[in-house]
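Which chain is which? They are A, B, C and D, in the order written, and residues in each are numbered from 1.
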Amino acid sequence: MRVGVLTGGGDCPGLNAVIRAIVRKGTQSYGHEFIGYRDGWRGPLEGDHVPLGIPAVRGILPRGGTILGSSRTNPLKTADGVGRIRASLAEQEVGALVVIGGEDTLGVAARLSDEYGVPCVGVPKTIDNDLSATDYTFGFDTAVGIATEAIDRLHTTAESHMRVLVVEVMGRHAGWIALHSGLAGGANAILIPERRFDVDQVCAWVASRFRASYAPIVVIAEGAMPKDGDLVLKDGSLDSFGHVRLSGVGEWLAKEIESRTGKEARTTVLGHVQRGGTPSAFDRWLATRFGLHAIDAVHEGDFGKMVALRGTAIVRVPIAEATSRLKTVDPTLYEEAANFFG
Amino acid sequence: MRVGVLTGGGDCPGLNAVIRAIVRKGTQSYGHEFIGYRDGWRGPLEGDHVPLGIPAVRGILPRGGTILGSSRTNPLKTADGVGRIRASLAEQEVGALVVIGGEDTLGVAARLSDEYGVPCVGVPKTIDNDLSATDYTFGFDTAVGIATEAIDRLHTTAESHMRVLVVEVMGRHAGWIALHSGLAGGANAILIPERRFDVDQVCAWVASRFRASYAPIVVIAEGAMPKDGDLVLKDGSLDSFGHVRLSGVGEWLAKEIESRTGKEARTTVLGHVQRGGTPSAFDRWLATRFGLHAIDAVHEGDFGKMVALRGTAIVRVPIAEATSRLKTVDPTLYEEAANFFG
Amino acid sequence: MRVGVLTGGGDCPGLNAVIRAIVRKGTQSYGHEFIGYRDGWRGPLEGDHVPLGIPAVRGILPRGGTILGSSRTNPLKTADGVGRIRASLAEQEVGALVVIGGEDTLGVAARLSDEYGVPCVGVPKTIDNDLSATDYTFGFDTAVGIATEAIDRLHTTAESHMRVLVVEVMGRHAGWIALHSGLAGGANAILIPERRFDVDQVCAWVASRFRASYAPIVVIAEGAMPKDGDLVLKDGSLDSFGHVRLSGVGEWLAKEIESRTGKEARTTVLGHVQRGGTPSAFDRWLATRFGLHAIDAVHEGDFGKMVALRGTAIVRVPIAEATSRLKTVDPTLYEEAANFFG
Amino acid sequence: MRVGVLTGGGDCPGLNAVIRAIVRKGTQSYGHEFIGYRDGWRGPLEGDHVPLGIPAVRGILPRGGTILGSSRTNPLKTADGVGRIRASLAEQEVGALVVIGGEDTLGVAARLSDEYGVPCVGVPKTIDNDLSATDYTFGFDTAVGIATEAIDRLHTTAESHMRVLVVEVMGRHAGWIALHSGLAGGANAILIPERRFDVDQVCAWVASRFRASYAPIVVIAEGAMPKDGDLVLKDGSLDSFGHVRLSGVGEWLAKEIESRTGKEARTTVLGHVQRGGTPSAFDRWLATRFGLHAIDAVHEGDFGKMVALRGTAIVRVPIAEATSRLKTVDPTLYEEAANFFG
C-alpha cells in the first residue's frame, strides 16, 4: 500500500520524529510505500507531493519543524475540496493518509474519514497541550522547557534590580504552558485564560514577594484576561493589543503593576522561540511512539482513529471525539500551583 | 504538628523541589512546623537535624542535589536502629516523617510504618525510573535529557571519523535511561540489563548502519550483559570490570566490536553528570506535585503510603507494595525502539 | 586595608564572579577586608553596606545578577554627592573602591578618582560590549550565546511556514550582539545602529533567500534605524515605539517586509533573557580574571585605572580614557558578516 | 580558479563553519570553484573528492563534525605521497588547497608549501587550543563550555554526598581545557600536563574544601602526571593507563585521594562529548572569520600562510612557524586559577 503523510497547523518540535517513525516502521515491517504531501492539506488538494523513503527521513529526528512544510489550508472551506483530495489520492494511488496536526487539521481528518470515507489516521500535535483524549502532546514539553529556562534567567535580573518581571508565554485558549513553566520556574503568580485575573490580587502577590526580599516573576499566558476587562477596553489600549502580538496583555499588566505598586516592572514576550528548535528527549520519545502506533493503525485498517497517550501507553481514540472540545487547565492543578504564589 | 523530612540514597535532581513543596504547603495550609534530618536515615538515628522553614527553602527549586544531604545508612541494620529513631522523633517532638528515597530508603519506611508504627509518608525517588507503582520518578527525565544531548553530540564525531561510538549510561538493574535516551538520540542499538545481548547481532546492526553511509551509536546500560557472559568471565576481563566503574561493559563491547568488525570504536561513559545539576521542567513539576501530595497525606494521617504518578494524576499507594519489585523495561517498549536498530 | 566593592548599571552575567575573585584574592593574598556597598553608587551615598568575606562569596560564581544589587544612581547629580561618598568611606574606614560598571558608573569613578582623589579601580561591565579599551566585556558572550540559540530555534519554525522571522536583540547604540549572534546564527540580514538600513535592500535579501528555497532570518538591534526614518516618524508609529520596549523597530520592520514582499513575517523580541542567568564559561573566565587584576591594582595603589582585555592579557588603562567614547561596530567586521546576507 | 578544501585530524566543532565561509565568499566574491577532498590528506592522495558549491554548504553552520570527513593519513609517510598529491591536484585542476587541521595536518601543509611548492593556505583547528601563533582555536570554547556545564552538574552531586569528584577532561599535552573549565566551574584543584602534581598537595586542597563544609571538585587533564610517577609506574597501573582511555589518571587519582584522605571519591571522564555537537557562538564566529580570511589569502596568492586570531583581528602567519612548537599553559595563568584552589 502507498501511504500519504501530511503535517498541518503551526509547527511543533517532534513533527519530524513522527514522520521518521511512520516511514521506518511502515517500510520495514509492513512493506508500505510513502509519499509526503506538502504544506498540510494544501498538498493533497493540489497534488503537491514528494517521495518519502527511509533515506529521506535519516537524521531528522532531532530537527525541529517539519520537512513536509505546513499550512492552515482547510479543504472543507475550499471549492470542491473533498473531491479534489479524493482525486489526488486516487491519482497518486494513496490508500491511506496519516494526518499530523492540531484541532483544525484533525477536525478535517475526522470529517473526511467519518463523512466521506477517506481513510485517515490522526496524530495529535500542539505545543499548547490543549487537545482532549491525550495526556500530553509532543512539542509541549519542549515549549515548557524553553520557557522555564527563560524564567530561570529572568530571576537573576529581577533580583539584581528588585523589579517585577512579567513573562508572557504562549497559550491563547489554554494556560498549560504558563502553568507548567510557571510552576517549574518558581513564578510568584501564574495567569491563564481559564480564569480572569484580578490585578489587585496580582499586586498583592507582588508585594508579598518583595516583603520577603525577593523580586517577583509573573507568568502570563498570551490569552489571559483581567477581570476588569471592560474598563481596559474602554481606554482603547487592550483593543490594539488584541491583534498586535508583541504588545499584549503582558505589557499591559506590567504597566498596571507599576502604576498600582510603584515598583518597576518589565515584560518579556517569549514568542516563537517556544515552538522552534530541537525537541526535548520526552517529545522525541512521544512523537516517535505516536508515529509507530499510527502506522500500526494504518496497517490494521483502523481508520478515523487518532493515537493518544494515556499514562505510559499509546491508545487509539476516535478523531472526532478527541477534537470535539478544548482541554483546558484543571482547576485543581491550578490550585496546586497557587501554593507558591506571593 | 512537627514534621520531619529526610532524603536517602543516591542524589537526584528534584529532591530540593520536593522539600520546598512540603514546607511551603505544610506551613501555609496546615500550620505544620518542619525539621530536616541530615543524611537520610543517619539523621533520625543520631538526632542530627536542622530547622526547616520557608526561608530555608527559598530559591532551592532549580538546584540539583539535596540541601539535607543523603546517605545509605540503614537503621534496620543498625543496633537498636528502630529504638533510636523512635527516641529521636520523641525528643524532637516529630509527629510524622516524610521519607524521600529509592527502593532501600523507602523499604525502611515501609517496615517502620507497617511493623513499628512510625508514621511515615513516602516520596519515590530514583533517576533509574525502576520503582513500581509510579509511571515515572523525578530525576529520570533530567538524566534522559542529559544522555540524549550527549548522544546528539556524539553523532557528529562518529560521522566525521566513521567510527562506532558506544555510550554507557546509568542503569544497573533496569534499562530505562538507555531505552529512552537511545530512542530519543537515534541510537542504532540499545542494550539493557533486562535482556542479554548478542555481540554478533550488535555487529550486524553496526554493519547495517555503515552500509547506509552513517556511523553507528550504541547505547548500553551499565548493567547490560552479553549472552556469552561465561566466556567473557573465563578470560578474566569482565571480572575486573565488575568493580571498576570506568572500564565497564561499554568499553568491553567497543573492543569486541573493533575486533569483530574491523571498524574503530570508542566508548564514552556518561557517569555522574547524569544525576547532577538543575532538574528539567518536567522533574520540577513532578517533584513539586509529589511534595504537595505527600504533605496532604501527612495532614490526613494517611501513613504507610507513598505518592505516585498515574497518567497526570498523583495517587497514593502502600509503600510496601511500591517497593516490592523492580520495574523493568516492558518488552513491547523495547520492541518499539528496535524498529530503529541498524 | 578595607576595600569597598559596588556594582552599578544594568545587571550582567559575571558580576558575581568578579566580586568573588576580588574577595578571594584580596583576603588570601593581601589580607584586605571587604565591604559591599548595595545598589551601585546608592550604597556609598547612603552608607548602605554589607560585610563581604570569603563565606559570602562561596557558590556565587555560576549565578547571574549581582549579590550586591544595582542601581543607576549618579552621585554627581545628587546634592553633595561627592561629599557624602567621602564621608561614607571615612566612616566605614574604606581605603579603596572597586567599581564594577558600564559607561555611566565608570564615568563617575573616573571623575571621583581624577578630580576628587577618591581611590577607585574600575572593572568594565556591559553586555553590549561597547566599552572602548577592552577587546570584550563579560556578559557579552553569554548574551550572544542566548541570542544565537534563539536564532537556531527560529530557523526551524521559519522553514516550516516559509515565513520571515525578525529577531530583535539588545543594542541601543552599538550592534555587537546583533552582529555576533546574527553571524553565528546564520542570519540573512543583520541591522545595527551604526548604519541606517534600507528596507528595500532588506527585502531584496529576503527575496534572495526565498529563491534558494529557505526562509530568511533578519537580526536587528533594538537601536537600528531605517534610512527613511523621517517618513516613519511622520505617521507617528515610530514615535510611540521610542518608549515602548516591546513594539519596537523589529515589529515595524516585519510589517514593512510583509507589505513590500507579500510574505508573512513574524517578530521575536528577546528582551531581558539576554542579560540574566548563569554566565558562559568564557564570561566566568573573563570576569574572574578582571576581579583578580583589579585587586592587584588596588594592592599596588594604582588608582584611576580600569582593567581591560587585550588579546589574552589583562592590562590596565585610565578609566577616563576607556569611557570617553563608545566602541561601535567596526565596518570591516560588518562587511565580513555581509558575505552571508541574502 | 578551482580550490580544494580538506579537513584533517580529530573532528572539532566549527569545521563546517569554516568550509561554509570559504565556499560562500570564494564563490560570490572571487568566482572560485570548489571541490572537497574527503577524509583529510587521504582525499588528494587518492583523488577522492566531491563537488562543493553553495547549495552543499547551506545549513551546515550549526552542525558539529565535518561534512568532508577526516583522517590522520600523512602523505609524507606514504610512498610517493607528494607526487600523488601533485598528480591529483593537476588532474582535478586544483590551483590551491585550503588545509584545515591541527599540528600534524598543518605540518604537512607547511612542508608541501615550503618545500614542494604546493599552494596551501592553513586554518588552525584543535579543541585543545595548543597551537602557537593564535590566541584561540575554534572548538576550544565549545569544549570548555561542555566541560564547565558538566562541572556545574557535578557540584550538586558532590555536595549531596560530601564526596570528592574528579573530572578528567581532554588535553594530552596542554592543559587549556582543564584550566579554563576548572576556573569557570569553580574547581578546587586543576591539574595539567605542564606541571607534575603532588598528590599530597591535592589532598590538602581537598581537606581544606571539606573544612569549609563544601565538597571538592578536582579537574584533571588526561595528560597530567603525578610527581611520584615512577612509583606509580612500578606497580604497573599507570602503564596500562597509558593506552586505556577510560581508566586513566583521573581514576588513579580518585583512588589515591580515597586512600590518603579516607573520603569517598568518584571519577567522571568526559571523553568524546567534549568534541562533538553544535559549536558555541564564539566558535562559529571564529571559524567563520577564519574561513573568510583564508579564502582572501588564496585569492591574493599568499600561500604557506595560516590564519590566526590576535585580539579581535585575524592575521596571517607562516604555517611552519605556527606549528613549530606546542602552546602550553602560561604559568601566570595557572597561578591565577590557583587563587581558588582548596
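Here is the rule we go by: a contact is a pair of C-beta atoms (placed from the backbone, for glycine too) under 8 Å apart; a residue touches a chain by one contact, two chains touch by 3 or more.
Not measured: the values here are computed from a predicted model.
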| item | value |
| --- | --- |
| Required steps from chain B to chain C (each step between touching chains, minimum) | 2 |
| Maximum centroid distance from chain B, chain identifier (CA atoms) | C |
| Centroid spacing, where centroids are CA-atom means, of chain A and chain B in whole angstrom | 30 |
| Separation of mean Cα positions, chain D and chain A [Å, integer] | 41 |
| Mean-CA-position distance for chain D and chain B (Å) | 34 |
| Of all residues in chain D, the ones touching two or more other chains | 152, 278 |
| Chains that touch, pairwise | A-B, A-C, B-D, C-D |
| Interfacial residue positions of chain A with respect to chain C in the complex | 10-11, 13, 15, 63-66, 69-71, 146, 149-150, 152-162, 165, 244-247, 250-251, 266-273, 275-278 |
| Chain B-facing residues of chain A, complex | 21, 24-25, 28-29, 55, 58-59, 61-62, 135-136, 141, 144-145, 147-148, 152, 180-181, 183-186, 212, 214, 278, 280-282, 284-285, 288-289, 292, 310-312, 336, 339-340 |
